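There are two complexes below, and they share chain A, which is joined by chain B in the first and by chain C in the second.
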Partner chain A sequence: MHIPDGFLSPQTYLPAWGLAALAWAWAARGLRASLDETTVPRLAMATALAYALGLVMVPIPGGTSGHALGVAILALVFGVRQAFLACSLVLLLQALLFGAGGITALPVNALAIGLCGALAAVGARRLCAGMGETVSVALAAWLSVVVSGLVVALVLGIQPAIAQRPDGSPLFFPFGLALTLPAVLVPHALIGVGEAVVTVLVFRYAKARRWPTP
Partner chain B sequence: MRAAALFLGGLLACTAAGAHELKMDSQRETASVVRLSWADGQPFAFEAYELYLPGQDVPTQVGRTDAFGRIVFLPGANHEWRIRAFSADGHGVDQLLQLDASEGGNVGDAAGSGSAAGGDKPRAWLLAAGLGVVFGLFGLVQLFMRRRRP
Partner chain C sequence: MADSLTPRRRLLLYLGAVVGITFVHQPLPLALLLCGALALSGRRRWRLLQKTLFAMLAFNLCVSLGYLALSLWQGKVSGDWLLLANLRSCLLVYLGFWFIATTDLLAALAGFPLLCLLLTLTIGQMQTFTRVLRDFRLAFASRNLRRPGRRAQALHAAAQAQHLLDKSVAAASESALAMRSRGAFDD
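Moving on to the complex of A and B:
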């Protein structure tokens, strides 16, 4: 799901850097008030878990492989702002250390996974609250993966229309929406199931230890 | 006279047809092999790739990786290539490839991987380094919060 360097046109990643900077500033505002000496170690553990989950590659039928994101855990236990910042840190480390995702593409990855994924998780949890804790948390986690995938697929799929060579061939990512949408969404609908299981387990652990959740 | 004109016309038509024939020759050259794989070792198979000479916008070679995730190409005297490989789900690489010079400027084998950073370091070492950064940063935040408290 992490978009590497060289796949996105400057027309895409430059505005994304601006948008992400605004979003990071919004997330950082009020962060000090929301953190205390008990939440910081917990947030550190959850961030480390998201970082590790993102590096466990699971083979998916069709020759590709995928991994969980951990954004739903962060969003449901700590809130959207903390989840966005923690996810951005995770994506930066994965890009620098493993080449999983690019630096130019970092704001797009952060906005897609860290912000849209977190918002989808929290929104779905609230909408499905009447279905019971386990179901609503599972649905929230599944939707966070699918929504993140949808944003990534849309951004990738519009690249051929944004930047082309004089002969009309794509200058950056070569596949259009007709290919990227099924190619990203179908595997991530499966990955979302695994994400849901992990998120429910961690959420239950947090509730059992009376961690305050937003 | 008419027969001669027909003969001449037929001869000219043959010459024009000859201009469309393809010539073929074969020669032995040293190829370079780049292998792309996922982090778990699975090959990046049957995916699109493009090879560029440095500074060029138009690819020198395009195609798909084989079942083992390999790209085979003839680098000639060029030791630096830019390789781009894509899967429709957004995975791939876009990086410079430095080939070893050997045999009078030709190249031997070159291996690539699906990840652009930290290629030679053990994965566990990189994982530990990342965890160290995460806990180090949050440790600093914790320290900062304690010092701010009266």
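Moving on to the complex of A and C:
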């Protein structure tokens, strides 16, 4: 669900860079102490998995792309902070190596997918813990995709209102919320099902290998 | 002149250019800037341009066609936004590819050791993933003279996924142990 470069106004992405910098500082605090030769390989593997999942993209008319995120598995196994950092790293590499997403859109993509997605996944897992492991992990993964999609749709949908010429024509993304919300959310509600399946499988793999989860 | 810039200065120049471009709202200056970038990037320009167009084609085509359809429906067709949005995207993506083709990213981020550590590990993992996927694909192709059925493909994918995860963890463990022996986790 990357927002590509060139569709976000400076009024949006510059404050987003400030907000993301604060969030990255918060996430990185204490990370160095928690990384050792057992956690690093797992985090690196899960990050690369999220990277691989994100490469299979389908453009969506709402101005973004549809693909699995991998953020739920990162959040459920490593916690919100590490998931956010790993996801941001994946987005940076995808932007620079493949032109997917972009430097101007990076903070919005990272906050939407890496932070909001991770928080949604962990929150849903805790709320639905009583429903059993498979159901709660699947719901967490589905919700992480939908919440991320919602944030992306909202940010895109407000662009025509905050960046326009005096005659009212758009300067950046041209479609309003009435179009972006359904265009992004409906496909992602379906993509979330696939994300849920992948997340459950990888989560079971992690449990079978006795990885400690937060 | 560009070759004499340090990786850090290239990074700052790239980031400054990206921000500056988003404040330009006329197609003509953007077109001139794109021509300037093409002229300055030397012999690699056509390869970079091809990569740029390929990267942005699907998304920009999708949004542009949607905008065109909406404009036609509303009866106020204007090519100005189409030109502006596509030129801006093209220039931004081109600059990104040009930057990464000419700059060592790890050297540019040398002041951020944690970021460098994570980037090194992730890039190493990506290479492991790519190598394992290629090996599996070639092995699968060499063992099937005819196009395999869906069941065979599903079994292959399941075996590949399991191996991919194990191999990936093992490769990263080796990297982490090497880093441990060099004191990477000590400070």
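What to note about this one:
The rule we apply is simple: the second predicted complex is superposed on the first by the 205 of 214 C-alpha atoms of A that agree within 3 Å, B and C clash if a C-alpha of one lies under 4 Å from a C-alpha of the other, contacts with A are read in each partner's own complex, and residues count from 1 in each chain.
One rule holds for everything that comes next: a contact is a pair of C-beta atoms (placed from the backbone, for glycine too) under 8 Å apart; a residue touches a chain by one contact, two chains touch by 3 or more.
Every value quoted in this text rests on a predicted model; they were computed, and no experiment measured them.
Under the clash rule set out above, the superposition-derived model of chain A with chain B and chain C contains a clash between the two partners. Legend: residue contacts after superposition of the two complexes on their common chain; A:28 is shown touching chain C, with no touch to chain B. Judged by the touch definition given at the top, the superposed model places A:196 against neither chain B nor chain C.
Of the two partner chains, chain B is the only one touched by A:152; chain C is not. When both complexes are overlaid on chain A, the residue A:94 reaches chain B alone and has no touch with chain C. Of the two partner chains, neither chain B nor chain C is touched by A:121. Contact with both chain B and chain C is seen for A:40 once the two complexes are overlaid on the shared chain.
Once chain A of one complex is fitted onto chain A of the other, the partner contacts of A:110 are absent, as it touches neither chain B nor chain C.
When the two structures are aligned on the shared chain, A:74 is found in touch with neither chain B nor chain C.
Once the two complexes are laid over each other on the shared chain, residue contacts for A:139 go to neither chain B nor chain C. Among the candidate segments 3-11, 21-29 or 147-155, the part of chain C whose C-alpha atoms clash with chain B in the superposed model is 21-29.
Once the two complexes are overlaid on chain A, the chain A residues touched by chain B in the first and by chain C in the second are 4-7, 32, 35-37, 40-41, 43-44, 47-48, 51-52, 57, 59, 63-65, 89-90, 93, 95-100, 102, 165, 171, 173-175. Within the complex formed with chain B, the chain A residues making contact are 1-7, 32, 35-37, 40-41, 43-44, 47-48, 51-52, 55, 57, 59, 63-65, 89-90, 93-100, 102, 152-153, 156, 165, 171, 173-175, 179-180, 183-184, 187. The part of chain A that touches chain C in the complex is made up of residues 4-10, 13-14, 28, 31-32, 35-38, 40-45, 47-49, 51-52, 57, 59-61, 63-65, 85-86, 89-90, 93, 95-100, 102-104, 165, 169-175, 201-202, 205, 209. Contacts from chain C toward chain A in the complex involve residues 14-15, 18-19, 22-23, 25, 51-52, 55-56, 58-63, 66-67, 70, 78, 80-81, 84-85, 88-89, 92-93, 96-97, 99-100, 105, 114-115, 117-119, 121-126, 128-129, 161-162, 165, 168-173, 175-177, 179-180, 185, 187. The touching residues of chain B, when paired with chain A in their complex, are 38-40, 42, 45-46, 48, 57-58, 84, 86-95, 115-119, 123, 126-127, 129-131, 133-135, 137-139, 141-142, 145-146.
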